[in-house]
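Sharing a structure here in structure tokens format.
Letters A, B, C and D name the chains as they come in the text, with residue numbers starting at 1 for each one.
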Amino acid sequence: MAQYQENATVTRVEQFSAETFRLTLQAPQIAGDAQPGQFVMVRTGQGKDPLLRRPFSLHQTFSDGGVQLYFKVVGRGTEILSRSLVGERLSLFGPLGRGFRYRPEQPAVLIGGGLGIAPMLFLAREISRQNSSPASGCQVLLGARQKGELAVVMEDFAQYGSVHPATDDGSLGHHGLITEVLFSLPLPAAATVYACGPEGMLAAVAGHCRRHGFPCQVSVESVMACGMGACLGCNRPASAGGYTHVCLDGPVYDAEELLWMV
Amino acid sequence: MAQYQENATVTRVEQFSAETFRLTLQAPQIAGDAQPGQFVMVRTGQGKDPLLRRPFSLHQTFSDGGVQLYFKVVGRGTEILSRSLVGERLSLFGPLGRGFRYRPEQPAVLIGGGLGIAPMLFLAREISRQNSSPASGCQVLLGARQKGELAVVMEDFAQYGSVHPATDDGSLGHHGLITEVLFSLPLPAAATVYACGPEGMLAAVAGHCRRHGFPCQVSVESVMACGMGACLGCNRPASAGGYTHVCLDGPVYDAEELLWMV
Amino acid sequence: MDGLSSGQNGPDLRVDIGSLVLANPVLTASGTFGYAREFAQLMDLHCLGGVIVKGISLHPRAGNPPPRIVETACGMLNAIGLQNVGVDRFITEKMPYLEGLRVPVVVNILGDTLDEYAEITARLAGVPGVAAIEVNISCPNVKSGGVAFGTDPAMAAAVTKAVKGRAAVPVMVKLSPNVTDITTIARAVEEAGADSLSLINTLIGMAIDLKSRRPALANVIGGLSGPAIKPVALRMVFQVARAVKIPVVGIGGIDSAEDALEFLLAGATAVQIGTANFINPRVSEEVVAGIARYVQEENLSSVRELIGAVRLG
Amino acid sequence: MDGLSSGQNGPDLRVDIGSLVLANPVLTASGTFGYAREFAQLMDLHCLGGVIVKGISLHPRAGNPPPRIVETACGMLNAIGLQNVGVDRFITEKMPYLEGLRVPVVVNILGDTLDEYAEITARLAGVPGVAAIEVNISCPNVKSGGVAFGTDPAMAAAVTKAVKGRAAVPVMVKLSPNVTDITTIARAVEEAGADSLSLINTLIGMAIDLKSRRPALANVIGGLSGPAIKPVALRMVFQVARAVKIPVVGIGGIDSAEDALEFLLAGATAVQIGTANFINPRVSEEVVAGIARYVQEENLSSVRELIGAVRLG
């Protein structure tokens, strides 16, 4: 449960599509302690506007102290981040939240849609690393708008399992939704499904898993001010009644714990 | 009286001391119309904080559409400006205000103290350019904290007249105040004195000129929100009573028009 | 509203604020746009829905000593002290240019007494080019007058009646946000006969310069404006628009078409742009264009469909 | 104040807020610092002048549905809806850790009725580690209770009396800024026996999401906090500090030692840091260090020399 605030130096900036970027930063303390599914709070600028930090999943960590963020430009904060230059410093704190509860010995199906791809690489690597029979590998389902968003990360994922891509425009893999790929894929018995992506996709994945009896963990989003349990701003309705707080109880949940907001 | 709002590209960044910088930008419309002593309003960032533009004198204009700003880091806005990169774009509008009323045929003494050096280069060039007997030249008195702030600009000034430097630490020229250089310098008859610098220096120069019967023009500062007469925020007490507005009536005044706030 | 075209087959942006018809819902706020002429070089003044000029008093005022402004986080404080040339010189020196613009001109007025308000109004009656009067009952900078009028329902109503009794044009009353319940004031002013309401004026604020340990403004306190106050302004517009029947004009921190559209959705019939003029002199032109684009993209028959259309529940 | 040392021969930062002595004038504001434990990994809790915990009610509250927060220009709106575990679970589940910190703990309380305020106070009496009670009469998020108490002098006084009657520790009353004249409320609360005042709570604001055309908060309106509100907060602290004799604790947009020092100069005896904790979890530690540096550099015998020392005229 250690947490660190680090002034991380940007060491690499990759652009995969008009809106998709990947940043590599040196944040050795965070890298050292992070678990797949955990996130960091990033300060996007130096001034007081934008004021709040933005939450990002850890896409990958490296033994040299590097961490990676994979993100989409959706507003002002991510726009500023996308203009980061190598050598610049960003304030990060983390690792935060409850990550995936994975059982490396069991078959795993990982589904990432859009920016939901972000946490899956870290998870795929850890499952693969801790699995004593790496041959089995994970099944990785990745959905994106178009080829550019997937091409580079697919190579990274390919180290850890077999990758099934889908794109909205058909430029790579299945032409359509990644959930369609899931529905048509025979899942190994005793598989656990791990998913991250838009609310609608998660609801569909969770429904599919419930119907077919697969345990399913989802990483969800919410607006956040503090990311660490202090503001109570990140609530979501819980299936047990009342609210759960994404930054502390999540962002990864057993799908059954949540009510879907679709 | 034409004014333009331009998205100017930074083409050069020079650092002269820890706090002294010079930016060259492409702003062809402003460059084309500007007069010595006029200023521009510069947006220092993209966000809403800092909110207001910052006023800067035009240090120099070029026939290729370039303009130069010479500035000191004193706060947040100038700090951000000092980190500008070549290729970046800054929003400028101007040229604004009433510049120097110079008579190129008459002897001119130019005094710039600290960031008051900024508008003097443009003035020296115009006087020298429009003077039919360039041999006479201007007398240029430049005061700074230390050598670094002056070394490069002195070469620029040397094209247009004889330069008398002074530094607080004695690292270049007179060791002490630039006003001391003025007091010890025999001024040619019918000379006009043009000065820009801290309020105390201007008050001293104005007093000296009044006592010795030299006409004196000063470029003064004030806080500004709009820079163009819309907010009435930039007032200073006028010697005739009431207030004058620096962005419209100034920033250059006959010294006699002002009351000194020292 | 047939008299006014909204330009070459563009979307219908016309709005009606208390019998004052505007080509589009974007006005410039008092005290932030000079007398319009200052902006002539930097934007197309003709695209404006209207221009509201700096507050005018019966007699000229010199205003406060410097410093009059200080920047704050996403905002600024001002204590100009209502410097202006007085109503007579305004009519002779400033109105001819404004009239020539052929854009509705709203004259913002202020006084220390009811009689002064009435007298300024009387002098403006019949002056060509004056399309409406905006009554500033809310300026926080001047000790007398302003503050008291705008924070008490009875006094606010009295000023409204004094102006309405002499006005030859529609009267818009500008409310102060520095009150416990702005809807009480709004209703009092509506009952007193105001044709429309505008809000908000500035929030009262203060800053201290740590170096000198003095207030950053010579006047000690000043009015806070800019993006910082937008959430407060939007909330008050929402509340007032539901409390009165007359049109409401939204003001406070607007610096984009998106901001302006939020105010329309909250219930404003038009908006005023203030501090943003200082940062981007072209902002009003851009806001008009942005609203037009939105109306077109959303296939609305008119911008008026947006007024108060925020979805609740 | 001899009992409290301010550390290894550092400058004297001790302040006294209504018989509550603090090692330094920096507290964390209610609702922005959880129950302190959340920050244990990211800063040194022991350097704090005090911790003020999330508002506690008699019974647990679930709070508002999402979304509860939205960012604004240099600020944020929140409508948490006063979610909390209720006073009994607070005492058993949260106080033991807080008591162990050996930092003064101020418990922020709220109620819908006078009886509720009194009853919470009674239950907190004698609980080890509770150094003071802060009475929230100003929360704008809950329709009942909050708003009415904080905006009416008589009701504000009544709550103060109800709490004072049962309190075993000093009572600080937290004022709402959403009023016409905050000094009237301040004086009423002072007369009713409050030991100190804290201000400001959030300004009421609103935001609309243009895409959905819905209010950005499920609760429609929320409380504005952060740097945006600092000028309003500083002005009110200045006014209240001159209107009352009891100590005043300044709150609103503080995110640096410079900000905190401005509040002290304006008349605050101590400050609370709120929203800034979210952006920089170490901010309070840095503010304490910055104040210490300033006191040293300016050769002050104590930080108390700065209180109300703004130079006027």
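Keep this in mind: a contact is a pair of C-beta atoms (placed from the backbone, for glycine too) under 8 Å apart; a residue touches a chain by one contact, two chains touch by 3 or more.
Being a predicted model, the structure only gives us computed values, none of them experimental.
With respect to subunit D, maximal separation of chain centres occurs for B (centres as means of Cα atoms). Between A-C and B-C, more C-beta contact pairs join the chains of B-C.
The centroid of the Cα atoms in subunit B and the matching centroid in subunit D are 47 Å apart. Spacing of subunit B relative to subunit C, judged by their CA centroids, is 37 angstrom. Centre-to-centre, using mean CA coordinates, subunit A is 53 Å away from subunit B. With touch defined as above, residues shared between interfaces to two or more other chains in subunit A number as follows: 48-50. Among the residues of subunit D, those in touch with two or more other chains are 72-75, 226-227.
The touch graph of these protein chains is complete, with an edge between every pair of chains. The part of subunit A that touches subunit D in the complex is made up of residues 1-5, 43, 48-53, 91, 93, 222-237, 242-243. Of all residues in subunit A, only 45-50, 76, 80 touch subunit B in the complex they form.
By the touch criterion given at the top, residues 72-75, 77, 151, 178-181, 203-208, 210, 212-215, 220-221, 224, 226-232, 234-235, 238, 253, 258, 261-262, 265-266, 309-312 of subunit D touch subunit C in their complex. Listing the residues of subunit C that touch subunit A in their complex gives 73-74, 227. Across the complex, subunit A meets subunit C through its residues 48-49.
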